[in-house]
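Chain IDs A, B, C, D, E, F, G and H follow the sequence of writing; residue 1 opens each chain.
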Amino acid sequence: MVHFATALAALAAALAPVVSAAGNFTYTRINKDDAVLLVVDHQIGLFQLVRDFEPDEYRNNVLAHAAIGKVFGLPTILTTSAETGPNGPLPKEIVEMHPDAAFIKRNGEVDAWDSADFRKAVRATGKKQVIIGGITTDVCTTFLALSLVQEGYTVFANVDASGAMSKRTADDANERMRAAGVHVLSSFAVVCDLMRDWRNTPGSTQILPFFDKYLAAYGYLARGHAAAVSRGTILPGESE
Amino acid sequence: MVHFATALAALAAALAPVVSAAGNFTYTRINKDDAVLLVVDHQIGLFQLVRDFEPDEYRNNVLAHAAIGKVFGLPTILTTSAETGPNGPLPKEIVEMHPDAAFIKRNGEVDAWDSADFRKAVRATGKKQVIIGGITTDVCTTFLALSLVQEGYTVFANVDASGAMSKRTADDANERMRAAGVHVLSSFAVVCDLMRDWRNTPGSTQILPFFDKYLAAYGYLARGHAAAVSRGTILPGESE
Amino acid sequence: MVHFATALAALAAALAPVVSAAGNFTYTRINKDDAVLLVVDHQIGLFQLVRDFEPDEYRNNVLAHAAIGKVFGLPTILTTSAETGPNGPLPKEIVEMHPDAAFIKRNGEVDAWDSADFRKAVRATGKKQVIIGGITTDVCTTFLALSLVQEGYTVFANVDASGAMSKRTADDANERMRAAGVHVLSSFAVVCDLMRDWRNTPGSTQILPFFDKYLAAYGYLARGHAAAVSRGTILPGESE
Amino acid sequence: MVHFATALAALAAALAPVVSAAGNFTYTRINKDDAVLLVVDHQIGLFQLVRDFEPDEYRNNVLAHAAIGKVFGLPTILTTSAETGPNGPLPKEIVEMHPDAAFIKRNGEVDAWDSADFRKAVRATGKKQVIIGGITTDVCTTFLALSLVQEGYTVFANVDASGAMSKRTADDANERMRAAGVHVLSSFAVVCDLMRDWRNTPGSTQILPFFDKYLAAYGYLARGHAAAVSRGTILPGESE
Amino acid sequence: MVHFATALAALAAALAPVVSAAGNFTYTRINKDDAVLLVVDHQIGLFQLVRDFEPDEYRNNVLAHAAIGKVFGLPTILTTSAETGPNGPLPKEIVEMHPDAAFIKRNGEVDAWDSADFRKAVRATGKKQVIIGGITTDVCTTFLALSLVQEGYTVFANVDASGAMSKRTADDANERMRAAGVHVLSSFAVVCDLMRDWRNTPGSTQILPFFDKYLAAYGYLARGHAAAVSRGTILPGESE
Amino acid sequence: MVHFATALAALAAALAPVVSAAGNFTYTRINKDDAVLLVVDHQIGLFQLVRDFEPDEYRNNVLAHAAIGKVFGLPTILTTSAETGPNGPLPKEIVEMHPDAAFIKRNGEVDAWDSADFRKAVRATGKKQVIIGGITTDVCTTFLALSLVQEGYTVFANVDASGAMSKRTADDANERMRAAGVHVLSSFAVVCDLMRDWRNTPGSTQILPFFDKYLAAYGYLARGHAAAVSRGTILPGESE
Amino acid sequence: MVHFATALAALAAALAPVVSAAGNFTYTRINKDDAVLLVVDHQIGLFQLVRDFEPDEYRNNVLAHAAIGKVFGLPTILTTSAETGPNGPLPKEIVEMHPDAAFIKRNGEVDAWDSADFRKAVRATGKKQVIIGGITTDVCTTFLALSLVQEGYTVFANVDASGAMSKRTADDANERMRAAGVHVLSSFAVVCDLMRDWRNTPGSTQILPFFDKYLAAYGYLARGHAAAVSRGTILPGESE
Amino acid sequence: MVHFATALAALAAALAPVVSAAGNFTYTRINKDDAVLLVVDHQIGLFQLVRDFEPDEYRNNVLAHAAIGKVFGLPTILTTSAETGPNGPLPKEIVEMHPDAAFIKRNGEVDAWDSADFRKAVRATGKKQVIIGGITTDVCTTFLALSLVQEGYTVFANVDASGAMSKRTADDANERMRAAGVHVLSSFAVVCDLMRDWRNTPGSTQILPFFDKYLAAYGYLARGHAAAVSRGTILPGESE
């Protein structure tokens, strides 16, 4: 009789995630202590292929993505594909921003996870959450993201940091990642979820300067506010 | 042998929602007697960041969202984030519209659910359905919506009342909410589902004036109809 | 021991649709012998609210939707909401096209399924598949579609025949329907699935004239082909 | 001394239009008694090339263009280019609508004005204003329009009736026509300028049915108004 | 010899505007003491035809247009076309805002300038500059604007207050007006040009409340600034 | 007791895919040794209906789709629908590219899977993965894709090779395919997944020329790189 | 008295173009016997900057532009800017297509007209009409076009062959060229104006193959027509 | 007789510019020795109103505009409107970039030319060409540009540096400037016209670093080229 009970218990255990998925929703938040940041093939040659963002806006987004690792102290891994070929090297600003990051220069693998060195670097961080951005969204980001999910990682795809040959291609790739359970979200959401509370460290002291540099809309909002507080005057007719 | 039967019964019970989810669809409608309305971070500073609606259209939508609480007599909760900072205060029209609403001024928590005061205010309503809108869609609305779903609430996200830095960011955030079971729908659908029947109270007597104020297309349609009935004339060549 | 086996059998039966859903995909095709067509609130007042199609294109689509019932001999049900009010009557072309159709004039229910007369009319057809289009997509179409799915119907939403106040609102409504298992598809797909084979009846003999009337792109393609076959000449330099 | 005065007078006369153009603006209105309507290469093969309108919308526009000649009793000229070739014939509805119209079937001339028969047909009308629409905008419409202006005609290009391979191509072609003094305007403006006053003949008696057929937005507005006047009821809460 | 000199002088005089136009540009500014505001056919039925703005945004723009007359004390003339027919009456807010304005209810003339009453009302103001907005842009606004220019008026077309059946139609109509010398500009530009200096009357005292009501983006900017000056606090990390 | 264990084992087996689907994600990659390429109804008449791509871009995409079979040596099946009718024949380039491919000319079946010849041809390849593209996306591609999934095939829909009457129609069709488990992805992703590693065969030696022919952005990037390596010079001020 | 007459004659002569421009419009057509084709900086590096066309579509357009010289036997001049630098060389297909063309490799001049070699090459053709396309539209095309107009050339700018960093930038550049009298038109219009009549040489014999290669929409239309004529069959229900 | 000749000469002289304008086009190029750069109201509060560019892209463009003065050594004038009010101060980066620039802080004048200090500052430069950018395009840029043209300046409006509340508003404002003879062009065109030849000073030595900073697309193109020249390798299958 024992093995019946055992079998049933095994069955119940196997079913737990199904039941959980169907009946309960677990909100997975980004945990800055359990996250690694991946900078995937943001190479200056591939950059030319990106058409779902304006070039200056996209360069800003790519640098912001890399800087998330810096401001939150996340382990960061850089990788490139055949960088002496047409794809070209990473922007030097990123390499200089992360002098100590693992930097895996792949020579042939399209999906970075197919590279033993890359897998080793990711595993070495011991983290279970992965924040990812890359060029192109449908190949370099998606292939890797799907491999990571299969491997058991929780993946957060920073939409603003991945670039594709068209908005349409990016949309389809994002749907493909979502279907695998990847969390597809904005750079702003990534940063806010890592911070959680403006009173934390990193908190407003670190993040407002980050926004001032990489998120002009918020940066100028804060500058305007600071100017008003410190030396603003009320115009006739103006009221709150 | 008894505990086998017990185990099987427990297993069957655990499986019920799965089976139900897969085999039967339950249409969850908004119940005006079980719903609370949340006005989340619709602050005048954050308003500047919103680019998925035109500014005048969006202001109209935000005021309409707040007015839904009024016209249907829903418990309404206001919340802001660091309102003496760049985010700024709520539009005074909203505060004046809801003088008795719980108003939680958060000082650091990005996700309002992280605020004990906010959780308390929501729980105090005793409602199980939550209608939500906020700025920005991807952070303030989504983080809170996901927390609420995890907590067991049924969440209705009013698309027209949430604003994001781009349409693209809003789309991705809405997908994220949908994946968690959030009902993402238009302001018009929220109001019509709350009303159910034009002969109810609130019904056409209350809702037509609401549309006249906040939904110009329908408001002018009704005005034109009223004018035609009361003093219209048929032009030569005109026929039904 | 018997009731264990019984319990297991019941459990297995209960699990069958789950397993089927997850492991096997069943392609549900539209069966012209088991389908009813619903024309929901395509009223001339509500028509003014539709902004996700051009007006002349949308009128064409609405008439085409109604004509699907005609060309395939489907039972067709017409319904309107408060038609002496701002919403206005149905286009007379539709009423004249379906003189014998059940026509339910609702006086208050937003969701047509809340009308006992409407439910009765649908049930009286004895069909299990429902093809639906209405104004607006997010309210009249979606509310009814979700009710129908809950009731056990298989629902096909004709995207081209439903109109919303914006493309964005239509997109969100369609997502909501999809999440409930509604098949959201084009008018062209509805017609082709009903026909299945150009050699059927209705087949090309009936459907080419239908396309000539309601689908200009295909209609003119066919006209051009017919003209070429019957009296075309090859220009110098032209080749296949 | 006489020939000085003569020379000066000639000079002043020659300068008159310059001065007029620069200092005074003359508003040239369409005169239904001095206008001819041209239907240029609206062939069913060329129809496939048009991508600045939706196909069903564009077919409606083309038929409306041809019908303008009918409703205002304008002399109308049809022309096609190599109609037994890929361009195909005119839609039969147009030919049947204008059984007595001059119909010039060109065999090679791209610019219809290069055809002596076409020139003769236009001149035979004795009109000085030309209303034109054709496929494609940048070739068939523009080439002919520029030739007509050079010939001294006042040209009104019906934007809604001309189709191009892209909106961009149409925009550039319209700019080219404008630079030559062509009046580039909507079909609605053409009709309203021809009518001038709703009390004229043709006036509302003829034009409201025309709009009912070809301009769904206005047609349904009028139908809704007529229905409200004749049998509308005011809903509770509704007011003008 | 005298009449030669006379002839030459006349010729030179006649040429002056040409020379001026070609060689010198005169910047025509709106003069609040010489301007009349026209509210043309902003009727609630015609409102349904407008598709180059969102409905709530456009209603806001129309009311703002009418309010320009109020805030700058401009003579204002209202006109409608067949208002007991499908076009419907003006929004009551406009009529109530201008109880003493000349209000010309045309019964047939499409171009308001064809109405003797309307011409009389405009001439009675003694102004030479006209600020205009109407529905639809390509007919009601354009026809009148072109007539006014021909009549010698300087016309400023408020783009935001005129509505058309499509953005494309509005663009073409605006080009047509520009070719006649109409100044086509935004509502914001109209207001700022009327004000000239924030220290004038009307100046910030009157215009900031106007913007607060009709231009949400600027209104909320000013509210945020006022809030910051009166009770703002600098967050850690925030700087000008 | 044996049959209890058996029943449980069967139950557990039946549940395995559910558990797997919910708890574990399996990343299904395209396997060039197990894939067949389908070219579905890319007929020159149907080509005219496609409006979600520019014509020259789409022709390029269609030829690229067919060439994938060539460059990776995949079994390739061509099919057409009523090719002597309006739909027309396949582009001759495709037929010539695949002289030995199975070519099923259907005479009536809309869904190619309804053709016994087509089913036989697909089954004869012995492959379990299908790469598909067709005109139109919502009918020819989707109907077949859903049938293939039901039949147990893993389906990869090449978005760039399927064309629809509008982007909206394509989006809805792609959603429908995704809901059935179809992998909807770009042509670039299909090729990169087939290749896996640039050092494979086919690898860069075969794929760079393929991109040079069918993917101009990458092709010119590579040409520019090659030119720079072989004969480039650094301009003053230029640096990496 | 003589020199008065002379002075007046000179004055009248000087005024002739003014009068002509204002009072008469001269339609300037492209004359294949007086036209030179310029291929300006269509370099593979600069190609990456172009974002107002899709890459594959734009490559097609660029090759089509170069081929116009071939098919009409126009003198053709190629030029590049610093081609060993980042701008890169011309696509080899263009160089090979025009082995005998003047090819001016500029080393510094942005405006090709600033290069004495280039001026010499253009002047050597003895032509007075110039057909131009280049990258980028706002710099390489516009600067040269404006210089050519100043020099007295009649310039035809092939919109489809010039590429800019955004559609907006191209629009502004095209306006700038138009203001200088440049004829801004589509590639299709350039070809049709050069041909004039399908019966000419080059005429349909040469141009249909040209369209088959570079203008897929027309090419497939003609292929479909040819197929229908030679082996088409009428389907039941199909009619002209 | 003398004064006839004199009169004629005067007349001829007066007519010269007309004749020139009509018959001859003069290409006005930007002369770096005769140009002044204006930075108009690029204030951080007004920045929030700009919706015709993405915020990060627009900030980049504004800084690039200011930097043009730096790299070409142009006299530069900064001006703001009521900077202690809602409009806010200039970005500090601009003020720090131009420590010695005239900086006119206006307290009320909307049109900067209405400020005597501003007029004085512009005149003090002694330049006749003005390069301008500002917020908002339709008010701050346009009003000033029109005043400058009237004053006799040649004005170049840098499109990329001016921001408006919508693309539509910017388009209309740009048309208004063009009608007055303003040269409306891209930032890239401004820089290239100032440079003229890559071998000049400033030339590639100064401008490539400028593009590297402010024009990512070109910057990365050049970086990729430099990397390829210095350490690139040709991949198998890659060719020029």
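As a working rule, a residue touches a chain if its C-beta (ideal position, glycine included) is under 8 Å from a C-beta of that chain, and two chains touch if they have at least 3 such contacts.
Owing to the predicted nature of the structure, the values given are computational and were not obtained by experimental measurement.
Where does the B-C interface recur among A-H, A-E or C-F, taking recurrence as more than half of the contact pairs being identical by residue number?
Checking each pair in A-H, A-E or C-F, only one repeats B-C, namely C-F.
So which one's got more C-beta contacts, A-E or C-F?
Looking at A-E and C-F side by side, C-F shows more C-beta contacts.
Taking each chain's centre as the mean position of its Cα atoms, how many Å separate chain D from chain F?
Each chain reduced to its C-alpha mean, chain D and chain F end up 46 Å apart.
Rounded to a whole Å, what is the gap between the Cα centroids of chain E and chain H?
29
Could you please state the distance in Å, as a whole number, between where the Cα atoms of chain B are centred and where those of chain E are centred?
Spacing between the chain centres: roughly 37 Å.
Find every residue in chain A that makes contact with two or more other chains and list them.
Those would be 4, 8, 11, 15, 18, 22, 45, 48, 54-55, 82, 85-86, 88-89, 165, 198, 203, 217, 221-228, 232-235, 238, 240.
Mind listing the chain H positions that touch chain E in their complex?
3-4, 7-8, 10-11, 14-15, 17-18, 21-22, 45, 48-49, 81-82, 85-86, 88-89, 92, 107-111, 114, 136, 138-139, 142-143, 146-147, 149-150, 164-165, 168-169, 172-173, 175-176, 179-181
With touch defined as at the start, can you tell me which chain H residues reach chain G in the complex?
Counting only chain H, the residues touching chain G are 1, 4-5, 8-9, 11-12, 15, 18-19, 22-27, 159, 167, 174, 178, 183-186, 188-189, 192-193, 195-200, 203, 217-218, 221-222, 224-226, 240.
Help me check something: in the complex, which residues belonging to chain G touch chain C?
198, 203-209, 212, 222-230, 232-240
What does chain B use to touch chain E in their complex?
Residues 44-45, 47-48, 54-61, 82, 84-86, 88-89, 91, 214-217, 220-221, 223-224, 227-228, 231-235, 238 of chain B touch chain E in their complex.
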